[in-house]
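Look for chain A in each of the two complexes below; its partner is chain B in the first and chain C in the second.
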Partner chain A sequence: MSAVVFAHHQLTPTERLRDAGWIAFVALILGIPLIGLTTVDVGGRLAVDTRFGLLAMAVVAAFGGRLVLRWAVDHLKGRKLARQRAAAGNAGGRAQQVVNVLGWLALGASVALPIVFSDNRYVVDTATTVLIYVMLGWGLNVVVGLAGLLDLGYVAFYAVGAYSYALLSTQYGWSFWEALPVSGALAAGFGILLGYPILRLRGDYLAIVTLGFGEIIRVILVNWTEFSGGPNGISSIPRPSFFGLEFTRRPAEGSDSFASFFGLEFSAMHRLIFLYYLILVLALLTHVFVSRLRKLPVGRAWEALREDEIACKAMGMNTTNIKLSAFAIGAMLGGFAGVFFAARQGFISPESFTFTESAIILAIVVLGGMGSQMGVVLAATLLVLIPEFGRNFAEYRMLLFGMAMVLIMVWRPGGLLAHREPTLRLSADGKAARGGA
Partner chain B sequence: MSTLLSVRNLSMRFGGLTAIDDLSLEVPAGKITGIIGPNGAGKTTLFNCLTGFYKPTTGTLRLAHPQRGEMHLEKLPSHRVARDAQVVRTFQNIRLFPKMTVLENLIVAQHNVLQRASRFSLAGLFSLPGYRRAERAAVTRAATWLERLQLTRFADHAAGDLPYGTQRRIEIARALCVDPVLLCLDEPAAGLNPRESAELNELLLYLCREQGVAILLIEHDMSVVMNVSDHICVINYGRKIAEGTPEAVKNDPHVIKAYLGEDEEEEAMEAFTEARAS
Partner chain C sequence: MAYALQQLINGLTLGAMYGLIAIGYTMVYGIIGMINFAHGDIFMVSAFIAITAFTLLAAADVTSIPLALTFVLIVAIFFTSAYGWAVERTAYRPLRGSTRLAPLISAIGMSIFLQNAVQLTQGARVKPIPPVIEGGVELWSTPAFTVQIGWTQLLIIVTTVALMIAFTWMITQTAFGRQQRACEQDRGMAALLGVNVDRTISFTFMLGAALAAVAGVMVTVYYGVVDFFIGFLAGIKAFTAAVLGGIGSLPGAMLGGLLIGLIEAFWAAYLWAEYKDVATFGILCLVLMLRPSGLLGRPEVEKV
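Our next item is the complex of A and B:
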C-alpha cells in the first residue's frame, strides 16, 4: 500500500495525486466527527447538526495542502542536495556564516523593536516574554545541550531565583541589583545540591530524578505558607529602578521619577521598555558568557562528557566536577531569569513554576538544536509566538502549537540549527585559529 | 631494565566469576609488553583494574612513576590514574568524542593542564595572556601528534565521521596528548588492514624507542604483537600461563594448547606454523 509517502525520491504526478488523495481520505474520516457533526441548542435541548459543506472544504484544503507540501518538500530536498554537493569540502562554513548574519540581524531587530513599537504594550510585553525564554533556553542549553544531562526540573532554579528576589526585596528591602547576584548564587547552590545525588545517573534515570526535584521545589513553595506565602504567592514585589529613578506617576517626596527627571510626560510604557532592555542586556550577557565558556576547557569538557563519560575519565578528567559545574552554571542562569521574572511580574506564585514550564524550556533547547545558541533564539521565538498568533483560533491553539512542534521535528530531526561549530580550528599553517561565534 | 609497573597477586571476582585469578606480572620501563590470550581470558579486565575502572578484589598494582615515585594504582579513581599516575588507556571499542573535531578530541585530552591555566575559567573568560599561551601550547602539542600520526588533514573533521582505522589512530593520538608514562592499548590493530597494521607497528616502536613511553599491548593480531613486543605475557582463564620473548612464547606448548585446543592438535599445529611464518 502506498499510503503516505515520506520517501526522498521525486514522485510522478500520478503518485502525487494518489498521495494527496490518501491524505484527503484520512482528513475525511477524521473530519466527519470533528467538523461534519456539531451540537446545537434547540429550545434547551441538544441536537446534532451536520456541516458537510465545511467538511468538504476541509477535505479539499487537505488535498490541496498535501499537494503543495509534497511539491515544496521535494523542491527543498532537491535544492538541499545540490547545496550539499556544492558545499562538500568547506564543512559547514557557509551555514555558520548564515547563522552569524542571522544573529546580527536578530540583535538589530531586538534593539529597534521597542523604538518602533513604543506605544504598543502587547508587542513589547510579548517580546519580553520571548527574551525570558531565550535566557532560560541558554541556561538549560549548558546542562542539556552541552553537558548532555537531561534535566526535566529546570524550572526549579527559575523558581529559586524568583522567590529569592521576592523574599529578599519584600522582607529585607534589597534592591534588584543587590538581589541579582545573591539569587543567582543561591540558584547555583541548589544546582549543586541537585547535582550531588545524581552524579551516577544518566539518561532516563537522571530525567526522573530532576523531574522529582522540580516538583519538590514547587510543592514546598505551595505548602510552606509562612515562608513562601503558599498558593497565594508573594505580591507587591518592588520593580527594578533606572539607576535609582522609579517608574511611578507620583514620585515620593524629595525624589525624582524616571519621567520627571528626564522631563517626559509619564507613561506606563517607560517601565515596560526599560524592562525589555534590561532582559535584553541580561540575555546578551548570558549569551556572551556561555559562548565564551564553550570555548574554554570547561566547555569542551562538558561536550566531551556528553559524548562519552568513560572516555573522559580515561583522559584524567574529574567528571564529578564537570557535571557539578554544568549544573551550577545552568542553575545560576535560570536563577537570574527568575529574578527578572519576579521583578517584571511584581507577583509570583507556585503556579508559574509547573512542570509545563520545564517542558517548554526543554522543548526550546531540543527544537533549537542541542547546544546551538542561535537555535535557542529561533525556537524560543517560535514557541512563544505560535500560541500568541493562535489566540484567534481559541481552543485549537494548543493543537496548532503541537502540530508546529511535530512538523519542525519531522522537517529537522536534529533541531532547527543542528550545525555544530568547532571551538577551535587548525589553520593551514598549523597554528590555532579561533572558531566563529 | 627497571620495572615500571608490578602487578602482584591481582584477583578480580564478579560474584561467582573469577575474571582474574592471582595474576602477577612486571611491566618494564621503556619496553613494549604484549598481553595475549583467548577471548574472555581477562585481558580487558586487567586493563580495567589497572586504570581504575574496576577496584580489584585483592592484589596490588604498584607503579614506579619516574617523577612522582611509587603509586598504588588500585587505590586511585580512574581519572586520577590518568591525571596523576599518567597511565592512559585506549578502548577495544573505540571511545572518541564523535561530534567533536579531531583537534578538539586532542585538546580535551589536555583538559587538566588547560583547566589549571584557565584558573577556574576566569583567566580563560577574559582571555588573559597566560591562558592564551597555554592554549597555544596545547594546540601545538596536538598538531605535533597529528602530524606524526598522519592525521593533520582530518584535524577539523568530526571524529565520528572518519573511517575506522583513522579513528583508531586518533584514539592513540588522544591518549598521547595526556602525556603517558605507561600507555595501555586495548586491541589497537582490531579492524585495521595489513598496511595499517604495519604502520601501527612502526608507530609503537617509535613511541617506545624514541619517546621512551612504556607500552602495554593487548592484541589478537599476531603480526603486530609478535613483531613489536619485547616481552609477552599469555593469560588464560585469568591466570598467567606463559611469559617470555615472542620466540619463547610461540613455542610454548601451554600457549598452543590454550589457543588451539588439544583435540585438533594436528590442524592446530598447521595453523600455528602458518601464523609463525607470517
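Our next item is the complex of A and C:
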C-alpha cells in the first residue's frame, strides 16, 4: 500500500462553485413540490399556496451549505490522510482500551447521576429512558450483532413482556418481582414459537417475517379488546416496590412505606430514583450476562454463524438450535425491558409498540457498531437525546432524528464504535489468547 | 357470487397499486441487494405532488379529465423520480460496499426524514380532493347486489397492465434493460465490460420512483384523500408483495401485489376487516415457510 501514492486532486474554486450550483439546482427541483407549493384548506376545499421566498432561502442554504461542507470534508480528508501516513500503527488495541476506560467512566457517571440530579425529575426520567433503550439495544445485539439475524420486529417481544406484566399484575395481583421472570420466559417462548418455523429463512426474508410478526402482535393488541384493552391500553399498573416497601405518601394500615421505613420525608423523587437504579441494575445484569455468554460455546457459535453459516454447517453445528437460542435470549431480554417499561409508565397501549420503535432499537444496535456493547450505550444516548434537545423546536425533532440517522450512517458505515475485538485471537507465539469482550 | 365478483374487482385494483410499488422494491433489491425502506415514502411524496397538481389544475379551470390526468402523471413522475434519485445519491451510494445493514438503517432514517419533511411542509391534516372521475359501468345486476367497476378502477387496471408491458419490453429489449440485468448479475463484471454501474443504479431508482409515482397518482384519484403516513403501510405491504412473489423477480412483484390485494379484499369482506393486515403477513409467513424464495423467485445458490 505504501508504494501507491494517491494523487489528491485539489478542486478549483470554479469547480466548487459549479458543484454547489448543481446541488442548489437539485434542491430547487426537490423543493418546488414540497416547499414552494402547498395546499391549504380554504372553506372546505383545497387551494394552492405558494412559498417561493422560503424555497429561495432553502436553495441558497443548499448552495452555501454544500460549498462549506465540501470544503470542510476535503480539508478533513487531507488531514486524515496525513495522520494515517504518520501513524500506521496498531490503533486497534489502544481504541479498545479507550473504550474500556470510557465504559467504566460511563458506569461511574450513571451511578452518580441521580445523586447529583436528585431533585431534577426531567434528567432522571430521561436517563431512565436512555437505560431502557440501552437494555433493549443489548438484547437485540444478541440477535443482530452477535448471531447476525436481522430482526425488524423486536418490539413484539418488548410488547409481550410489557403486556404480560400488565395483565398478571392487574388481573391476578402478581408483584413486579414475581412477574419479571415469568414475563421474560413468556417472551422467550414467543421468540422460540416465532423462530422455529422461520429461522431457516435467510437474511432479508427473515427481516420481513419478523417485521410482519411485530405488526401482527400490534394489530392483535389493538383489536382484541377483551384481552388487551384495545387502543385504550391497560392503565393503573402497579409500580414495583423496594423489597415490599411501597413508594406512597400514606402507606396502607400496618405496613411501612419506603419513606416512613427509612425515616425520610416523602418525596415523589424516591420512586423515580429507585426506578432509575432498578433499570440500571437490570441493564448491567444484561451486560454481564451477554458478555459471559459470548465467551461460552454458544456465544462463539453465534459469532461463527454470523461470519459464515455454511462453514458452521460444515463443522457439524446445529444452526437451527444456535439461531433459536439467540432469538430466545434476545426475546427474553426484550421481555424484561418490557416489564420494566410497563411498571415505570403505569400505563401501556399498542401505541408504544409500533414499527418505528423496532426501527429505533435496530438503529441503536447498528449505529453503535454491531456487536459492540459500548457502542449501544453511545447510540442509545444519542438517539434519545437528539429528540430531547429538539424539544425546543418540537416539530423538527423527528426530522432531525431521521437526518441524524442517515448522516451518522454515511459518516461511519460501520457504526460509531466499529472496531470489533475478536473474542479469541492467536497471539504471536501461536497460542490462543483471550481478547477483550 | 355478485358480491365476490365485486371483491375481485376491488382486490385487483388494490393489488395493481401494490404491484406497482413492489416493482420498485424488487428492482432495487435485485440490483444492490438492499431493502429500500424509503420507497413507501417516495410513493407518499408522489401522492402529495398529485394533490397539489390536481388543485392547481382545478384553480386553472382545466376540465378535460384526460388532459388533467396526463399532466398530473407527468408532473408526478418527474418530481418523484428526482426524489428517487436524490435519496439514492445521498443515503445509499456512500454506503455501497459497506455492511448489509448500514444502507438499511440509512433507509429507515430517510423514511423518517421524508415523512416528517412532508408533515412539516404540507401539514399533518388529511388532504381531500373532490372526486376526479365519477361513475362506472354496471357489469352485472342481481336484485340483491349490483357489481360495478368504477372508471377509476378500470383506469388503474388498464394503466398497470400497459405499464407492465412497457416495462417488460424495456427490461428485456433495450440497452438500459440489458445493463440493468448485467448489473444485477454481477456488478463488478458489468463495470469491467463498460457498463456505467452508478448511472444504471441511479436510473433504477428513478424508474422505481416513477412507478411509485403512478401508484401515488392512482391512490389520490381512487381514494381522494392523502396524508403523510400512507407511505408506511403501503410500503410494507408492497415489500411483502415483492417477497411473496420472490424478491428480484419483476413478474413476481406484480403477482405478489395482486395476491396481497385479493387476500386483503376477500379477507376484509368475508372475515374480520380489522385483521386484514394479520392475514397478509400470516400468508406471507406460510408461503415463505413452504417456498423460502417466494413464488417466482430463483432459489439462492450458495457458493462456498
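Operating definition for what follows: the second predicted complex is superposed on the first by the 336 of 437 C-alpha atoms of A that agree within 3 Å, B and C clash if a C-alpha of one lies under 4 Å from a C-alpha of the other, contacts with A are read in each partner's own complex, and residues count from 1 in each chain.
The criterion applied here is as follows: a residue touches a chain if its C-beta (ideal position, glycine included) is under 8 Å from a C-beta of that chain, and two chains touch if they have at least 3 such contacts.
Keep in mind it's a predicted model, so treat the numbers as computed, not measured.
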{"item": "Partner chain(s) touched by A:A404 [first = chain B, second = chain C, both, neither]", "value": "second"}
{"item": "Touching partner for A:T319 - first (chain B), second (chain C), both, neither", "value": "first"}
{"item": "Which superposed partner A:A207 touches (first chain B, second chain C, both, neither)", "value": "second"}
{"item": "Chain B versus chain C as contact partner of A:E351, first or second or both or neither", "value": "neither"}
{"item": "Partner chain(s) touched by A:I32 [first = chain B, second = chain C, both, neither]", "value": "second"}
{"item": "Residues of chain A touched, compared between chain B and chain C (which is higher)", "value": "C"}
{"item": "Which of chain B and chain C A:I310 touches, first, second, both or neither", "value": "both"}
{"item": "Intersection of the chain A residues that touch chain B with those that touch chain C", "value": "310-311"}
{"item": "For the chain B and chain A complex, residues of the former touching the latter", "value": "51-53, 78-84, 88-91, 95-101, 103-104, 107-109, 111-112, 114-115, 118, 121, 124-125, 135-136, 139-140, 142-143, 146-147, 152, 155-158, 174-175, 178"}
{"item": "Residue numbers on chain A that touch chain B, as the complex places them", "value": "91, 289, 292-293, 296-298, 300-301, 303-304, 307-308, 310-319, 420, 422-426, 430-432"}
{"item": "Interface residues, chain C side, partner chain A - complex", "value": "29, 35, 45, 48-49, 51-52, 55-56, 59, 79, 82-83, 86, 90-91, 94-95, 98-106, 108-123, 125, 127-130, 232, 236, 239-240, 243, 247, 272, 274-275, 277-278, 280-282, 284-285, 288-289, 292-293, 300, 302, 304"}
{"item": "Of chain A, residues touching chain C in the complex", "value": "26, 29-30, 32-35, 37-41, 45-48, 144, 150, 197-198, 200-205, 207-209, 211-213, 215-216, 219-220, 222-223, 310-311, 355-356, 359, 362-363, 366-367, 370, 395-396, 398-399, 401-406, 409-410, 413-414"}
